[in-house]
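Labels run A, B, C, D, E and F following the written order; every chain starts at residue 1.
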């Protein structure tokens, strides 16, 4: 029934390639099927103005797409002179989600910027960015610990994200582009390894969704996130 | 327990004042307690480029705050030369939510722009904007029908929104600013009059929220939206 | 003869509503007939760079119009990414006019920003902004005095503004939009309570105006400003 | 008494050099003493959108200063990414003033852009720009007539401008920078050759000015503009 | 002598991976040692305004770096709201260089945009972009030919680029970052397969370079470009 | 053969007028035939952030064209809100070229900004800007020495620039606009008085150029720069 032939509760192949580029403290290529995102985590001693001198750190995210990551070329945001509304919305979501895993006091007065740049898009770029960004963040924090710059571990737990939706009347997990562009409802869910919700964003694209549909999508997301967290841990154990 | 003395499932006083300003096809002052937003709906014959010549219409929204709508003055976005990320996120949410109530084919090749300008902020400006924007939208569509410019009624039903959250461990409805700034979890819910979800956005501010907390917040929102829809209908009946 | 039926030297009803919104140190709704402007005065400890460490203060103004304050919707300046020429010109005029009433040394090293946001436009928004902005400024300065943050009174006197013009060959006072859009000449006059001129801006829209026409307009403005200052004092006495 | 030794009603040497650069339809170097401005008038077949297909033309102006036209270097507006408030105010004034001399119907559907670029500033750059811009405009219109592109003469008459002010208590004509920076009041006056006012802008810099001071400044301006118009005619007769 | 141990006239390993991403008509990962750039060529039916209706095509390029492609994180240009001077200079060079290989009449009224996005930088990103961009361009043109959209072959020949410089007094080929940051002179050379120069840009970083040094760098570049063109042809033959 | 009747190796008349405007530390009108550029050098105590506290100075350049310096009016960059790619490229070239003549340690912690504003363009504006900017720079440095603010002479030598190209198959020196717009190859060369190259930029406009053509253009440039340096020295000796 699904264009890809997947079962309704089946993820695409999920892959995390650490050390994908060489300069960043954390650098991960994350793949959710054909969706490929480079996530780097960069550590800096400069915090945003509102945190100066407060002894706390910050985690923030930026998101971009290469102009031809998509089916048709999308104008380069740097050339247009501003980031679009979708970009702003996504990078705010990634930042909030990752901060939920970090004790900012323990991080100390420094900022980690997680850049998520999509090199190939096939649906789910924001959820892949969160899951991949988390792995890059762990590597950057591990580097800080190895250098002795952090005393306490600032990580609370792990964070992963996945989408669920209603496609042709059926709740399905981890929508790819052909499904996403047809779905009646699209939901992005961010959770931690203890099964707590960090962010839930559901949008009716076609008709409003009923409480039982919401419930079914949440359950699919819970199952998928469990598997993604397992994949993150496996990648981090290498 | 709540700073305002309200019961956990109690809304603030909700008020819709139609005809608040004179030029717009629809003009509503919406008040959720001390939160006051001017919502105007403006009809135009020009649609966005991607809809030109397709015979379908569009509904979009813009959001702004007067610089001193808030406790401390916030720099004017027009003077800074761009809209901030929060503004972009909110106006996209308002636009999506209102479009869910409109049959864009029936609207014909025209655009309705709903401007939501906060003149006083005390929490919940985005949910008030959606509920007030809907009333302004109805007035604008009624005007189009009165002039005979629309044959079929483009309205599917009604749309309203409210927030719910976990404040000091208790699920509460319609957070005001003192609650919002302390809440562990904040959820914005948009629903239609049939109890269908149009948008659900929940964010863990402090700790991740559990499925039963999510459930409790959704139930509070359902109750509150029922009351708000009643208030909308009452205002529209005047 | 005038579309509104007013006598040539008759003002529209002028109203100042203090405390219109709750957060600002001064907040006034000013109405010149159907023209309605929210004026807030916000006090800050930060002065512009050129005044840092000089012990002097500053008064500045910003002006905006809600997109549908006018007959046709005007694109939101924040969305367009810049303030238009008309906006810039008006806010500079408001700022200069209000500074003329303030001893900046006595104000001390702080800035008062007067925001004038037009919610409904029917001609004369800039003169209403000056007269209303003055009342908001007085309230903000009174608050500073009440807190003991100012020793000397920084106010020299009062400031008010009104327009005059030549409409169908006759000099008239306080033009509304139907007159303004037809006027051959438009003049904005700012004066203090002692009858001194703070700003005089006359523009020939149709034909150049003669010295005796200029004289007639100045006399109308003098009369009108006297009445507006009386209304300001009455509002401030409440 | 004046720093330059001039009599109170004495202009600086006024000079108009036509054909200053070679490409523009009209190109004039105007000098008011040490203030030097290059004014070019460029003819184009493209009118602003609001005039398309209406058979009427437009005259507009742009103003700029070379970064080191002034005592201290001022950041280049092109590099800062926007024109400052003062620039916007001045170019709107120049445009309005020149349009007052032109029958836009007779001009036909074309636009003349008058660029005024200050290469050396010593007070009075906006009034010099208007007077010099007028001469460039005449040359551009003469070129159109010579090519037979215009049937009726679109020029109503001539336009010139000068400043007057109160310097150390005395009304003086055509302020240079040392006077301007000390003046209590500054007034810019634009008139036509028939003695009609096109624009009057008076600003109290120090104290508010009295009606008789306003009168004295207007009389100085009338005298000065008479002399400037004579100089314009002489330059145009060459 | 060189930090990498290479001989003065030795290139880094050069690699072209075609089909690196799936959506673009041409998509190539080019590697000059540790410098890695994704080059995509996108075909569009829209030409720039100055070519509309002229029957000729256009080739243009855009260049970007992922924020952490470099040793220290560089602010994202889309977030800063503009492309920096270096970016603009580089993308103009890439566009000019590629256009030199294309008969724009034969291309027909369509535009090919070559996006060069650096994912890892180690010196020579602009020369790698040109050589890799050429391979992507060939693939895009081949696709046009395969679809029968082009009758004549618009390609004149091939284009490749490399740098040469004076490092510690010795002319060397294809500088990597450690060399580039120390070089006294840096030269970028673009040539075609017939040994003709398309672009030569030499800059003295430390002291001015002598004619014989210029000659030595040109000869190194000629040798290197020969080898790079061989690598391009080999990649295109796969 | 050349449109101007010049011999292939003949410069246009080159003129440097020092003290062209009065405020800048150095102010030069440079003329290469009909190309006229105002170059001013402004001294400031503020260095760019990356040099703060390092005891070294900086020389930078900005470039602009009056809107009607060219045959057709070009939109004002300040009004468009950004500098175009060509402007950015040119001002970076001017800055690099002038820095090559200055010992930045000897300059001390101060910045000299060289503004080059083209008032009339006829080809070669960037090379004229470099040669004229150098003369303005010398005057500014002489002023610093005269005031005793500099101990060591920060000037290494002189800098001048000229173009060469292939016009109708013949190498020619110092292209004017009619030649430039037709040239097959265009080269800009910056050299010092010792015959060392500071910058060499050659671009094939039509066909790729051969090594012997490159050689011929370099020799023409060497000859021309010798003559320009002589003219600079003569102007500086006045």
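FYI, contacts are C-beta pairs under 8 Å (C-beta built on N, C-alpha and C of every residue); 3 or more make two chains touch, one makes a residue touch a chain.
This structure is a prediction, so every number in the text was calculated from the model and none was measured.
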{"item": "Graph distance between chain C and chain D, where chains that touch are linked", "value": "1"}
{"item": "Chain-contact steps, minimal, separating chain E from chain C", "value": "3"}
{"item": "Both-way neighbours, i.e. chains that touch chain E and touch chain D", "value": "F"}
{"item": "Fitted rotation between chain B and its twin chain D in degrees, CA, nearest 5", "value": "120"}
{"item": "Mean-CA-position distance for chain B and chain A (Å)", "value": "28"}
{"item": "Chain centre separation (chain D, chain F; CA means) in Å", "value": "33"}
{"item": "Mean-CA-position distance for chain E and chain B (Å)", "value": "50"}
{"item": "Of all residues in chain E, the ones touching two or more other chains", "value": "81-82"}
{"item": "Round-the-ring chain order [start: chain A; next: chain B]", "value": "A, B, C, D, F, E"}
{"item": "Chain A partner contacts - residues on chain B that touch it in the complex", "value": "82, 85-86, 88-89, 91-92, 96, 100, 187, 191-192, 194-204, 207-211, 214, 218"}
{"item": "Partner chain B, residues of chain C touching it in the complex", "value": "21-24, 27, 34, 36, 38, 40, 42, 44, 62, 64, 66-71, 73, 76-79, 81-83, 87, 113, 115, 117, 119-121"}
